[in-house]
Amino acid sequence: MSAAIYPGSFDPITNGHCDIIRRIQPIFGEITLLLAKSPKKRPLFTVEERIALAEEALEGVPGIRIAAHDGLTVDYLRKTGVRVIVRGLRAVSDFEYELVMANMNKKLSPGVETMLVFASPEYYYVSSNTVKEVAMHGGSVKDFVPPGVAKALEAKFESR
Amino acid sequence: MSAAIYPGSFDPITNGHCDIIRRIQPIFGEITLLLAKSPKKRPLFTVEERIALAEEALEGVPGIRIAAHDGLTVDYLRKTGVRVIVRGLRAVSDFEYELVMANMNKKLSPGVETMLVFASPEYYYVSSNTVKEVAMHGGSVKDFVPPGVAKALEAKFESR
Amino acid sequence: MSAAIYPGSFDPITNGHCDIIRRIQPIFGEITLLLAKSPKKRPLFTVEERIALAEEALEGVPGIRIAAHDGLTVDYLRKTGVRVIVRGLRAVSDFEYELVMANMNKKLSPGVETMLVFASPEYYYVSSNTVKEVAMHGGSVKDFVPPGVAKALEAKFESR
Amino acid sequence: MSAAIYPGSFDPITNGHCDIIRRIQPIFGEITLLLAKSPKKRPLFTVEERIALAEEALEGVPGIRIAAHDGLTVDYLRKTGVRVIVRGLRAVSDFEYELVMANMNKKLSPGVETMLVFASPEYYYVSSNTVKEVAMHGGSVKDFVPPGVAKALEAKFESR
Amino acid sequence: MSAAIYPGSFDPITNGHCDIIRRIQPIFGEITLLLAKSPKKRPLFTVEERIALAEEALEGVPGIRIAAHDGLTVDYLRKTGVRVIVRGLRAVSDFEYELVMANMNKKLSPGVETMLVFASPEYYYVSSNTVKEVAMHGGSVKDFVPPGVAKALEAKFESR
Amino acid sequence: MSAAIYPGSFDPITNGHCDIIRRIQPIFGEITLLLAKSPKKRPLFTVEERIALAEEALEGVPGIRIAAHDGLTVDYLRKTGVRVIVRGLRAVSDFEYELVMANMNKKLSPGVETMLVFASPEYYYVSSNTVKEVAMHGGSVKDFVPPGVAKALEAKFESR
């Protein structure tokens, strides 16, 4: 069975991520969420918090593993023997970023393929960034993230 | 094993198509090229010619089936039990067309997923349309299509 | 009160059109659907059919007028004294077409303003064209168009 | 009469902003410029300076109010009962950002509509950011901003 | 001195074309307008009419030649020894078409370079197609095309 | 002979830059690489290092000058009498940034023209930023940059 990696910051995991995972898991059998330990943008949640929130959100979904990694995604792929990266596409700006990353990854590790799925229409405008911005300003994010993440965002911004 | 459908007009098959098929076949095990019998744009080659050219081009690639279909792609998927559509992405205009089709197909047949792969950089500008235009004006298409297709294009335009 | 024109082919009217009309009517008070009598692309429905389908679909929505016009939209605006054109935006390709039209219309008739609204996510992929294509191939369009339009599409393609 | 909010950083107000305000004011009767008190990007001008520059630039334009706000735009709308947000569109990248914001705002406050107008061609390339960059390097910005803003930019960068 | 080819249908030449020619002529010294004798889309004007309208429009501009050609642009370049193609860019959709053409031409004739210039903001929305559409509906095109072209368009549509 | 400026940060120079320079040098005769002394984003290499790396990479290419500049590019052009800026285009997001800059520069200095060339397909995804990111994570960059730059990147990140 062909496994796949779903890399990202997941800072925090959203309903958009969960929707993509649930849609692609039956295709690939096993999906590894690969969290970037130190993403370029300073994360709001620690890597441990991000893992715990993802675990809670995906409880009961079969075939899911969650791992964290520092460095090039292709290095992780090489180590694990997985050769498919899955990424969600929302907008044209995503498209161009993903095109660059997919080509770069393939050049760095020729056997690697990147496959893309479109975000479902109802999650098209949901991203970790917009969700954090809404929560920071006291807006309700319960339609955009799993309940545990909504609680964690609230706690994070209350304590500020 | 998870099979996939690769739908298109293939009028005619190009090196860009072949590259995508060779890259995704190991992921899905079995790939069915699904030719649209009567694409919106009047095809240059008959459906029989298009099938023969694809067969010749993909000889020796394991796990390939070639079929022709009239009607909605999701109807073919339902009949065969396959639930993954694979499509190649070149440009932003592709992106938007594919987004519409993927959402429409999913609405018409909820279990269906569309997965996208980027064309390799060296085939980014190769499409059936540009290849036909070059051939029509007497330009050489041998870098863009399999040898059998180059010959067929030459014959087609000579006889005009 | 500031009235507005909503021009298009409406060949046929879709749930996406109806959604936009219902959203903008309270803002402008009166909305005139302005059907292009002879759109560039040969229409499937006659202008009388398109008007009847729109009338049925919008029954009960206050402040709606339906008119048909041959020629430049700005000529109709000049005649009626309305100065706002409303258009729905789905994709980036819409964006560029609308940008050209808005600038051209403003140059032809300086007092005219074009205002745009985004299609709701659930209608993002619904257009008269995709709906006609689905119906032509025997797919169900009941989620994309008002009931009267679904029936009319069925009748149109059955009789072929 | 239907009022509208025109939100932004206005750091500082440009001729592009003023053009849009002058074009949409007759449509909505009353326009409230809603300045983000603490925009994501550290502003060059204080909120008081930004308000003063906008007031000077729009002197004599009827129906204009200027307000500053901290938090979600939809919270301000709810408080004031206004339900239309107007935004200017320049480029495709604007398009995607606005699409996300419009959908998010509608989800947070279902009665809210975002309407977009295209920047006039002569202001297509004028933004607060490009204007600040030109001024910082000693270039003349008199064609891009009202006279008071040009003076304020000069003063700001001279004193550095 | 480095000469350049400016290929197109010029059906008819617009103020946008003339603006680009006037801007690039001093850079390349000699510019050849290369008219496609039989463009994909059926032209409104004959090749002789298109040449005559371009000649009249560019009278007095130094270093201009006008030629017509059937076939691949690179074949004409090879024959004349010119190796630069200049094209105007308006929109993102232009961008992608030009990217495909530039790569294809370079592959067909490795020494050839395509250089692009942006249309001036005031001509951003002016194209042969929009101009013909306005004229066909009786709108005034005098701001978009040279006087001789305006007259020719009027005559063409009157006689219909 | 018509000279041209090729402005950028060159932090560091990549094979993509070198490819564009080699392609445009025969057209313009003399190309000046104009390094931004203090680009908006804090550079990895000092201006002296960036110049040295560019010099080494372009050794033997005729007609190349390398200069560094602080301030508006048009000020440098005015001083030197050069009136053509050349820029490479990779993606749609480049397109929009370049459109803004080209229009702004032309407004600030009316005689200036910006000409664009497409990056070659094999360098489409190569940029100074992606190269630095790969090198930072210990990936090999030898296919993307000249040998001297690869060595310098390695040294820079080892010493961290």
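Note that the chains take the letters A, B, C, D, E and F in the order they are written out, and that residue 1 is the start of every chain.
What we mean here is this: contacts are C-beta pairs under 8 Å (C-beta built on N, C-alpha and C of every residue); 3 or more make two chains touch, one makes a residue touch a chain.
Quick caveat: nothing in here was measured; it's all calculated off a predicted structure.
*Asks:* How short can a chain-to-chain path be from chain A to chain F, counted in steps between touching chains?
*Replies:* Each step joins two touching chains, and the minimum needed here is 1.
*Asks:* On C-alpha atoms alone, could you tell me the rotation angle mapping chain A onto chain D? Nearest 5 degrees is fine.
*Replies:* Rounded to 5 degrees, the superposing rotation is 120 degrees.
*Asks:* Rounded to a whole Å, what is the gap between the Cα centroids of chain C and chain F?
*Replies:* Comparing mean C-alpha positions, chain F is 47 Å from chain C.
*Asks:* Any idea how many Å lie between the Cα centroids of chain C and chain D?
*Replies:* Taking the mean C-alpha position of each chain, the two centres sit 30 Å apart.
*Asks:* Residues touching two or more other chains, restricted to chain F: which are they?
*Replies:* 92-93, 96, 99, 103, 121, 124-125
*Asks:* Following the definition at the start, I'd like every touching pair of chains, please.
*Replies:* So, checking each combination of chains, I get A-B, A-C, A-D, A-F, B-C, B-E, B-F, C-D, C-E, D-E, D-F, E-F as the touching pairs.
*Asks:* Report the residues of chain F in contact with chain B in the complex, numbered from low to high.
*Replies:* 92, 121-122, 124-125
*Asks:* Touching chain E in the complex: which residues of chain B?
*Replies:* Touching chain E from chain B are residues 91-93, 124-125, 127, 130, 134, 137-140, 143.
*Asks:* Residue numbers of chain A touching chain F in their complex, please.
*Replies:* Interface residues on chain A, with respect to chain F: 71-72, 74-75, 92-93, 96, 99-100, 103-104, 107-108.
*Asks:* Per the contact definition, I'd like the list of chain A residues that touch chain B in the complex.
*Replies:* For this pair, the touching residues of chain A are 1-2, 23-24, 26-29, 83-84, 89, 92, 95-96, 98-99, 102-103, 106, 113-118, 120-121.
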